[in-house]
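Below: a set of structures, written as structure tokens.
Common to both upcoming complexes is subunit A, partnered first by subunit B, then by subunit C.
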Partner chain A sequence: MMWDTLRRYVRGLWNGRFILAYTLLVSLSLFIITPFLLILVKSLGKEWFGYRWLPPKVTLDWYKWAFEIARVPEVMKNTLIIAALAILMSTTIGICSGWAFGRRHLPGKEALMSIVLLPRMIPPITYALGVAQIFYALKLVDTHFGVALAHVSICAPFAILVLSSTFQSLDDRVLEAAGVCGASPVRTFFHVTLPMIMPGILSSMIFTFSTSYNELTLTLMTYGPDTITLPVRTYLAVGLGYWEVTSAMSVILVIPSFLILILIQRRVAPEKLLGGFKGL
Partner chain B sequence: MIELQNVTKRYGSLVANDCVNLQIWRGELLTLLGPSGCGKTTALRCITGHQRPDEGRVFIDGQDVTDVPTYRRELGMVFQNFALFPHMTVYQNVEFPLMIRSLAREKRREMVRDALRLIRMEGLEGRYPRQLSGGQQQRVGLARALVYRPKVLLLDEPLSNLDAKLREEMRFEIRELVSQLRMTAVYVTHDQSEALALSDRVAIMNAGRLQQVGTPREIYEQPANLFIAGFIGLSDFFEGQVVAVEGDRAQVAVRGLELAVPARAGMSSGQPVTLFIRPNDVVLMDESADAAENAFQGRVDKVTYLGDIVDYRVLLANDLELRVQTDGRKLYSPGSSIQVCLPAERCHVLAQ
Partner chain C sequence: MKKWWTKHSTLLVTLLLLLPGFLTFFGLFFYPFVTTVLLSLRPEGQKTGWTLQHYITFVSEPHYREVVVLTFTLAIATTLLSIFLSIPLSLILRRKLRGHRFFRTMILVPLVVPGMIAALGLLLIYGNRGWFNLFLRDVLPFINGPLRINYTVQGLILFYVWLYFPYTCLTTLSALEGLDPGIEEAAEVSGANRWKVLRHIVLPLIMPGVLAGSVLTFMASFGAFSIPLIAGGNFRPLAVEVYKQIEIFIPGRWSMGSAMAVMMGLMQVLFLSVYMRFFRTERIQ
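Moving on, here comes the complex of A and B:
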């Protein structure tokens, strides 16, 4: 059976259009993957000064360096704590706003939604300085809560968008049916409403995690020695010139996102995460 | 069994239910029929408890339930868009009302199996609603509504989302189920043929008011007013004036032609009346046929062949246009001259 598909594949390849299509696809894939491959190889190589395709020696020294000297575990801990706080705040905001946007008639709803999306439309660097000034005044710099709060400005818009779509598609009649079947409002919530909105909430949480985890600009403006996140650490290492260690840290940075993507791609189509909401 | 007493419900300045008084007997299937916006769904939602009447009371089985929330009213309801729980299987959907009532697992299983057998969907317990067709989803909705044998079954346009052929089949299934289980049922629809086919009694509503309540035959043959006559079945309407009343017959002048119609109590000479006749009660005869009571000369204007019936537009001598439907055994072509007979007993008089 495998030979059949292989034969069909090869036969297809000989068709001119397919050759062009495949060439383009392969080129695109290489274009996207090559930087990662480069970093992966660099993080594992010793004495590789760029005049060969592959490094002469393979080593895990750089990873050891990252763990012991760059204190990656502690940095990872910071990153995850901040992400967790950002998720908590964004999801709460998202649920409350999403409920209003999705189920109530609000005057000027479109205008409000545009304002909500504004932080994603403009580069964070433009307002990061302002955020930093306010945080200094409020003594929020170098606190996990402070950095998370800064992240919320870019995480909450997505949460609101996803959750308003979720709540909008929540069918009232189904909830009424639960009531007719004898379920009190509380029981209706736990047995019917919650399971129905859970995919939307999870989707919003994943999006928020990803955004907070990868955020550099806002973190740079609000961090301190106690709240170094992985993106910040990597950025600083680049500035110091330790390319190999930086590569190792980048690989470590990528792994959680990669894992999550693999885990969820069966349940939630990644295309849905990036767009295709009602109203967008 | 169910009673709406002086129920009035307003949405802002719109009066959705205006002093509705309705009684539904135990074991009967009553249909609330009317055009969109007539208030039938509002009336149903007052019974279920999803709406609270601004005035009036609602009684179920002798108890005043106006202040009782929906989930305590022991009802079963079938929705137009099925409203199945999308995250539960067929089995779990049907089991839900029993689970809420904390019945023992074995008892639940038995009752769910019974319900699934009634709707003929054994073997599909593990499917999710998104894997079912429209008809199947609606049957599951029925099973879920009936599984704990509620006092009353309510159906809110349950067949509107199904295609025409399926609608007819499901009509009989629902009727059978309700009779078999001896349930009291309230059915809401805007489809008058559905109402006539299904119901023990029909309650017609228009603009928030109850127009008439009666058996399908009563509604069809003795509509109480102009609206009902026009809404149920097809009608040809005439305005005229009573010329004379003799015994059980009255002569009515309609644009120059005189019609003999059954006399109603209180008819007097000179009184303006509205008559109507059903298009399929009008008889078409050859021009040369013997004269009969209420037979007039006319000309065929348009003919529409519909297979089992033929629809004619006929013009009478006084420029009166009539819609006539016959069984098609004898076809008249457009432009031909014919005699149009309106049998006196089939002419109905409405009070003006």
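Moving on, here comes the complex of A and C:
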């Protein structure tokens, strides 16, 4: 009797599976996206006290504060310079060593590869204090190059991983075919090889940018008054407790991340993200 | 000489190409790590002398034991919850329902946004006057008063799951999509019902993928820094505790911090090797 009821119940659930599935999907999306909506509302609201869903007045004052007092443009400039330097260095390293790992025969390649990739397996805080000590001694602290160099320690392994698999999938026969058809090596490189490896290089650059842009641990250890990046600025602002201004800053700060998201969705397989590219 | 060069030039070029990668590893990872180890063996604030005092403090003081327990609790709870969330989610997303691309993009959001901002938004939404508690008040009025979520362990686990479940979810999804549909069809033709196919065919086959993803979630939540730094309140896992050693104390307790950082690295490596040996997961890609 009871068994029967249970069975009917399960059958009912199965019949309503689309509703159930969509309920789960929609509540997950709300779980993920509402924090950002609330940040947006918070950054536009005024005199928002008590238990209310929305603020009574709308204002752009907090953005003005973010620009004038928190100096967001300057901080953004720092962040972008550091990210650009980190991308440049990591991609160069990735192309050289990725080529060696992907195209050359090496004894003990697996072991060598896992050594180079080891920094991705270990949280940056475990060696961040050492980085700080060394960079202090070398006077690299509070320079854009220094902060970018610290970021390279986690960006480069990822670039090597992505690029070596890109180079590995490069088909020799295609290159030979180009040669047979009379293309010079230079022409082969620019018209055949480069278009084939460009997606890999681009995705490596996207991930490097994202890692450097989000990185907090290593930046906290190497930043100074002239190299405050956006995550550090947000951390300091949260400590001061001005939630509205911090929200306004965060809205500006999160825009590049969503642009990156669109790029990834369009151009790169999401599974590739799993290189653990994110700064913890 | 000339002959020697032509014979070995390929090898030399290969080694030259490997050089930047290894320079990065030794200069930016290995050397700083060794420096951290040396620092942890010095008496506080001194450049010479040896001591094991910091490690003894770390092992013997109950406060640090609590920190370690908290770190593992957070990481393990997050890993388990992520697995339980990811499997049904991937099974649904695999069906390619209408709008599945949108929901797939949603899963990527936590991977690309800075952890700081995520923490800020989560603190706002789960605060006493945040939208979550307003929703409870207006829709489920039988729950008494605002639920306290921010600055509690449960809240921290919730935030961690928000930030780190995509690692598990994406690997699970790609494992499911790499599954040969013929196997399932064969099982169905042989008379297995849907539940049996799921239980005995699909789940065992995707388990290696799920576990590889859960390792990533575990590593990320074990080393989590941004979220507990501003959303942890009095609950400080290891990574934050290391940073607080040099942020709160003046002058900073660098040696103590380093000792904790080294212990943290060791625990992570130890746990991972046990985990991988135990589940025999594939090498993480």
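Following the convention adopted for this analysis, the second predicted complex is superposed on the first by the 250 of 280 C-alpha atoms of A that agree within 3 Å, B and C clash if a C-alpha of one lies under 4 Å from a C-alpha of the other, contacts with A are read in each partner's own complex, and residues count from 1 in each chain.
Just so it is clear, contacts are C-beta pairs under 8 Å (C-beta built on N, C-alpha and C of every residue); 3 or more make two chains touch, one makes a residue touch a chain.
Predicted, not measured: the structure shown is a model, and the values here were computed from it.
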Query raised in the report: Is the arrangement of subunit B and subunit C around the shared subunit A a clash or a fit after superposition?
Result: fit
**Report entry** Which of subunit B and subunit C A:V174 touches, first, second, both or neither
**Finding:** first
Requested in this report: Kindly classify A:L129 by the partners it touches after superposition: subunit B alone (first), subunit C alone (second), both, or neither?
Outcome: second
Report task. Tell me which partner A:V147 touches in the superposition: subunit B (first), subunit C (second), both or neither. Result -> neither
Requested in this report: Scan A:V245 for contacts with subunit B and subunit C and give back first, second, both or neither.
Outcome: neither
Report task. Check the residue A:P195 against both partner chains and state whether it touches subunit B (first), subunit C (second), both, or neither. Result -> first
Query - Contacts of A:R187 with subunit B and subunit C, given as first, second, both or neither - result: first
Query raised in the report: Once the shared chain is lined up, is A:A83 touching subunit B (first), subunit C (second), both, or neither of them?
Result: neither
Report task. For A:V75, decide between first (touching subunit B), second (touching subunit C), both and neither. Result -> neither
Requested in this report: Return the chain, subunit B or subunit C, that is in touch with more residues of subunit A.
Outcome: C
Query raised in the report: Just subunit B (first), just subunit C (second), both, or neither: which does A:K42 touch?
Result: second
Query raised in the report: Rounded to the nearest angstrom, what is the minimum C-alpha distance from subunit B to subunit C in the superposition?
Result: 12
**Report entry** In the complex, subunit A residues that touch subunit C
**Finding:** 18, 21-22, 24-25, 28-29, 31-36, 38-39, 42, 50-53, 92-93, 96-97, 99-101, 104, 106, 112, 114-116, 118-119, 121-131, 133-134, 149-150, 152-153, 156-157, 160, 210, 213-214, 216-217, 220, 230-231, 234-235, 238-239, 243, 246-247, 250, 253-254, 257-258, 260-261, 264-265, 270-271, 273-280
Query - Interfacial residue positions of subunit A with respect to subunit B in the complex - result: 171, 173-174, 176-185, 187, 191-192, 195-196
**Report entry** Touching residues (chain side subunit C, partner subunit A) in the complex
**Finding:** 10, 14, 17-22, 24-25, 28-29, 31-36, 39, 88-89, 92-93, 95, 97, 101-118, 120-122, 124-125, 129-131, 134, 137, 162, 166-167, 170-171, 174, 213, 216, 219-220, 222-226, 229-230, 238-239, 242-243, 246, 254, 257-258, 261-262, 264-265, 268-269, 272, 283-285
**Report entry** subunit B to subunit A touching residues, read off their complex
**Finding:** 48, 50, 69-72, 74-77, 79, 81, 83-87, 96-97, 100-101, 141, 144-145, 148, 154
